[in-house]
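These notes are about the structure you will find just below.
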Amino acid sequence: MSSEFTEKVELTGHIIDSLLLPKVLDCVTAAGGAFRIEKITIGQARKDPSYALVEVSAPSEEKLEQILATIADHGAIPVVKQDCRLVAADIAGAFPEGFYSTTNQRTEIRLGGQWVELQDQEMDCGILVDPAASTARCRAMTDVRLGEQFVVGHAGVRVHPHGRETQAHGFEFMNSPVSTEKPKGVAIRQIAQELIRTKREGGKALLVGGPAIVHTGSDEHLCKLLRKGYIQRLFAGNALATHDIEQAIFGTSLGVRLDCGDIVEAGHEHHLRAINRIRRIGSIKKAVEIGELKSGIMYECIRNNVPFLLAGSIRDDGPLPEVITDTLEAQQQMREQIRDVTFCLMVATTLHSIAVGNLLPAWVKVVCVDINPSTCIKLADRGSFQTVGLVTDVEPFFRALVGEVERMEASAR
Amino acid sequence: MSSEFTEKVELTGHIIDSLLLPKVLDCVTAAGGAFRIEKITIGQARKDPSYALVEVSAPSEEKLEQILATIADHGAIPVVKQDCRLVAADIAGAFPEGFYSTTNQRTEIRLGGQWVELQDQEMDCGILVDPAASTARCRAMTDVRLGEQFVVGHAGVRVHPHGRETQAHGFEFMNSPVSTEKPKGVAIRQIAQELIRTKREGGKALLVGGPAIVHTGSDEHLCKLLRKGYIQRLFAGNALATHDIEQAIFGTSLGVRLDCGDIVEAGHEHHLRAINRIRRIGSIKKAVEIGELKSGIMYECIRNNVPFLLAGSIRDDGPLPEVITDTLEAQQQMREQIRDVTFCLMVATTLHSIAVGNLLPAWVKVVCVDINPSTCIKLADRGSFQTVGLVTDVEPFFRALVGEVERMEASAR
Amino acid sequence: MSSEFTEKVELTGHIIDSLLLPKVLDCVTAAGGAFRIEKITIGQARKDPSYALVEVSAPSEEKLEQILATIADHGAIPVVKQDCRLVAADIAGAFPEGFYSTTNQRTEIRLGGQWVELQDQEMDCGILVDPAASTARCRAMTDVRLGEQFVVGHAGVRVHPHGRETQAHGFEFMNSPVSTEKPKGVAIRQIAQELIRTKREGGKALLVGGPAIVHTGSDEHLCKLLRKGYIQRLFAGNALATHDIEQAIFGTSLGVRLDCGDIVEAGHEHHLRAINRIRRIGSIKKAVEIGELKSGIMYECIRNNVPFLLAGSIRDDGPLPEVITDTLEAQQQMREQIRDVTFCLMVATTLHSIAVGNLLPAWVKVVCVDINPSTCIKLADRGSFQTVGLVTDVEPFFRALVGEVERMEASAR
Amino acid sequence: MSSEFTEKVELTGHIIDSLLLPKVLDCVTAAGGAFRIEKITIGQARKDPSYALVEVSAPSEEKLEQILATIADHGAIPVVKQDCRLVAADIAGAFPEGFYSTTNQRTEIRLGGQWVELQDQEMDCGILVDPAASTARCRAMTDVRLGEQFVVGHAGVRVHPHGRETQAHGFEFMNSPVSTEKPKGVAIRQIAQELIRTKREGGKALLVGGPAIVHTGSDEHLCKLLRKGYIQRLFAGNALATHDIEQAIFGTSLGVRLDCGDIVEAGHEHHLRAINRIRRIGSIKKAVEIGELKSGIMYECIRNNVPFLLAGSIRDDGPLPEVITDTLEAQQQMREQIRDVTFCLMVATTLHSIAVGNLLPAWVKVVCVDINPSTCIKLADRGSFQTVGLVTDVEPFFRALVGEVERMEASAR
């Protein structure tokens, strides 16, 4: 088979170490194309960048286009540069056909011969371009307005894939992300360091949490982290807040008394009575102000000015007044609040973890903690590949994490 | 300790077989009370009802009240009858303090000396009473309007717990709901019988499904069930519909080509392009009408007039036009559509299964199918105890189910 | 259907609370028989015993026999007493046909009108009787010798099922044994209390452990418990001992350096070199004596005179010299060493946990700790129902357990 | 830091595609060495071999040796060739210190300037050399005899790592080995093709199975495969054979009646009675001959002359007469019986799967089927990397597999 249509692409960076070159070559041949490596220089040290110039060929122009589009996501950029192509939205709430679909990797587009960095990097968006201002940003499908200019096709777009060596930095402990037989002490120490570094450097650590934090009795540990200023944002659902408030008011979580582990009968109503009481007061915030709510995670958020966001779901009872019941509105607010997040800890929630994972750019470090390996697997399957999974039990995890943080604080004095 | 405060209660039904009597006695003593069984008659045969008259005593009136409230949920009704107590809602969107919180069991209230059956039975609601019309129905917290009359306390409320022997009918195959080492053939045969019986008797079978139905290649089996008229309702989320439409348009699901199992690179964008195309058309329904969507689950629903409900969640891309993004609105519509459901099959979705489980009365048979035991455990932990869990793989499950249905159809001819 | 054949049986104990009566009635009707409750007295308080006299009837003598045999295991004893029936073994290594198969519940047999308690209670054995000495003991199938007298049939055998209230004593925290959303702090505190009580009262605590104890870095915690005298027996396999010794000699476990979590390449050979070195020395014991092995679990066992038993399996490398490679010999030695065990902690091993679970009588408290719910489910499925399952992560579990023990020690001073 | 000590190594094969080069470079720098790629040629097509000549340097000779040893396992061979070094065993049952520990990859050693292929390739063994005959074979530690010559160190040993592209052949369907959301139909079809090809070409397919094959009612499917001649070897334990025979004699498995799914009380004794009966007869084989055993897996093995091997474990009841109770003896017999195995299907057993995985060379295709992802993860963690994991339910898997085989047979006619 003679391959008539060719294009030269180049890759730079840790293309061997981070497996980009093998990946690109694999894509080319898997899609029915062929390649010839024209030049390759490989960095001496582990951190040194490498370079490869590869000629890609395919039996048809269409096939070649498809291959180039695919490998572009892995950082292979055509040598012959061209500007990106723009098409105006012909309808509100949907992109033009052929729109460029973003990854969560750092991306640039070429406008008037200049490379312009994409703002608000987020996967599964379109690229909204303001040609006059020479700026570009990610735009969710629902937010598209008639006449806005969007990038179409892969020409003039370049992606800088996040190398393994960078993302692994500080989190080199996990080979197989779902192994339950690996030592966790090191991982927990590194997370503690990350929280301390984030606070010291003025970064933002986001906790995304599920109700198991309360059910397992981990709330006191999380409260300590909130009081000490190690968590700067909290994303959760109605369930976490409800059981936290149930625990503060009735001393039970899902009808289980956490101090002695007894099942308190009739306790199954407690969560509903807790929601009802807050709804009667008007808001969680007001319940804290009037002294009705005196402890717990939500209390500490309000007392310590940690912004929290409660996103609704169809399984919610109530819900609590602060819960955002419209999912698009919740996504929009999450999007705004993650802009400055530098570290993200996801604990015991699949739904909220995947939702946040969809919004975060690839360079934000994410640790996902769950006793069920399937949550970590699901996150990895969905392309949130910067995620480090820690399959462990929630309460002992938080207990050990607080212990490490306090030990580090003490030794820093 | 002398227990001064006493009350006589009676239990009827399968109180031994269904463990109600042990449960009630256990509650009494666990809560610090005492009991004396005054009379007990036990049914001869397995199906014969039993009767027990029990004197409950407690050291304080408050304690006695609490005990009576708890055992009332298990069907223990005070011998001395009184009407239920009503309080008007003093605020919209919240119940009066002390409201009676419903279970998913058949419930009656006493109004003017008459027992009135509760309509729209649903757990975690209040009981809205129209004294003039002598009617009562479950009301969700958010729907409470100022001035509506709600039952307060447990007096005048009686619950008829669903005995094991009834709920187990036809589904006696599962002892430990999460065992993966039990034979599944019998269970699948019984589900097939249930679907056939439902269709024959004009009942409504509801399928609550997750996107794994499409990822695992089970969509063709489900399509067959839809075409044959065995599924009368479909509840799902944006993900199932999206990957189904992606599959219909691009032949991939999450970038996996289902006919040969190959990973098609660039396929990760397909689901987004599928959503975008439907949004450009306006709706899934219109896409079917204009011939753009020609196969798949959503196509079959529309072609066969099977009502479907797509509930939104914060992890949704797009979403598709038919998706209800407000979670309260979605709950409300689900509530209305389950009124006449007589059988419910939940497959590979934790979120939607729990949401529906919250809405269904205890007497609707529910089978929950998931390869991950934790979903079944979560449903059971949350009190949807009528649920039978089947820990198995989705595609072979559907394949075998369709096989059984077809075999039964053939032998019925 | 007229049931001609009848027999009266009686039940005593916590027959309502521990669900024995419902279970017995269920068995009777499920097997095609019928019952009539002639008399029932139910204990006032939770701990008071109850009594029931039940007439069981069946359509054939054979069916009646089968029903009586079944309900005998749940403690239903015929009112008309008779001695047990003995048959001599006609072959070595096998029981006579119709042999009585033991449960792990306390059992008595009737010999010459006297009830004799069974020694060495163990499930799935035969009952070896010495009529002259009026003694009886459990005998494994392989140990049967020609001419020995064994009980045949159910007549003259009575079982005293372990009531829930007793077994739950101190471990009431677990309802659904596989829930991962329950608080663990209480459970861990109770285990610590059990270890302290066992030591104080001169009982024997047996630890049954898998290699994940070492892989997860829990060995230092276990070493502490061994040094403090809280573990009086250790059962494990070649893998735990190997990785413990690998860790002591090379500082790695399965090639993972536990102090920093790095994967040390070439480390996959370390476990083999560790075994080889011990085999060259002759035994683990000798390696400790000559100072070649200076730390770790095996070291602490030897230094603190804690008997250990290493049972072989077909996946073993090496194995280490002390490993008992014949499985029958290993069973025999385990059987002897568990005679005086009063508390058993099973951690991260399915194979050894089931093996020990098969040998222990029902009244020995067992806690099974594993991050994988399936291990706990498997134990429960196999009839070791005295087992409390704790689904949690091994290292934090041990860390918390040691913390609790030390806290209790301090507060006791 | 100047690195004084250097050595040139070369790699050939699919060093990019199968990630060997990145892996080698990673090892070098991770261990504190440095590298310089002197020459690199990369194959054009996916299947074309590549070549790299790399200069490795390290700060000390010892460090260099260690690095060379590590990368040798990944196929990096020193350019300057030397013979392997031999040391005589100074003790029986243990290797000389510094012994070369084998992988499961194809390996050659250099003897008198000639490369000699290693026989009986198996991981975690030593290399026994007969210098006179110029032959070499793997030898397990326990089998070492005094005076035998073993390879010491890595010099003169070269490993040919199995490239991904080869091992993936026919099994490219799995990216993340534990995903439960992938389509299984393709995988099952490929396994069916493998069984058919194995039979046609006179290969040997080994089934390694656990008792869940019987519990789940899959035995009839397996019997069909045995009768049709698609399974040429069976490895199992006492449990599979016992429950199979229980099923044949009593119609139950672990007390569950498989035809209707009912729990038959008293059935928990059936497995013990089944073992006892076979022990009374003398052997499973004799029970078939005298017509006592008339169906089931063991029956089909004996009737169809499929060799079976039952390996003992400490959790066994009985055991059955054919069970090999000594684990070393069992390993030895397994080792001999796998010599000609070309395809291996492991179903629902962790213990036996790992044991067999330890013995098989890397080029034998292995498919591991289990509903519990942890079994597949454990196999992968232990270096049996040729294993493809299929997380699915056993009975539907076998049902679909037999269906595919029959379909292919029909279409071949």
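Each chain gets a letter, A, B, C and D, in the order it is written, and its residues are counted from 1.
One rule holds in what follows: contacts are C-beta pairs under 8 Å (C-beta built on N, C-alpha and C of every residue); 3 or more make two chains touch, one makes a residue touch a chain.
Keep in mind the model is a prediction, meaning the values are calculated, not measured.
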Neighbouring chains shared between chain C and chain D, ordered by label: A, B
Contact-richer chain pair (by C-beta pairs counted) among B-D and B-C: B-D
Taking each chain's C-alpha mean as its centre, the one farthest from chain A: C
Centre-of-Cα separation between chain B and chain A, whole angstrom: 32
Whole-Å separation of chain centres (CA-atom averages), chain B against chain D: 45
Distance from chain C to chain B - Cα centre to Cα centre, in angstrom: 38
Per-residue overlap in chain D, given as positions that touch at least 2 other chains: 30, 180-181, 254, 372, 374, 381
Chain A - residues contacting chain D, complex: 16-17, 19, 21-22, 25-26, 29-30, 34-37, 40, 42, 44-46, 176, 178-181, 373-374, 377-378, 380-381
In the complex, chain D residues that touch chain C: 27, 30-31, 66, 69-70, 73, 91, 93-95, 97, 99, 101, 124, 141-142, 254, 265-266, 268-269, 272-273, 275-277, 279-280, 311-319, 325-328, 330-331, 334, 350-352, 354-355, 358, 372, 374, 381, 383
Partner chain B, residues of chain D touching it in the complex: 172-173, 175, 180-187, 211-212, 215-217, 253-254, 256, 258-263, 371-372, 391-393, 395-397, 399-400
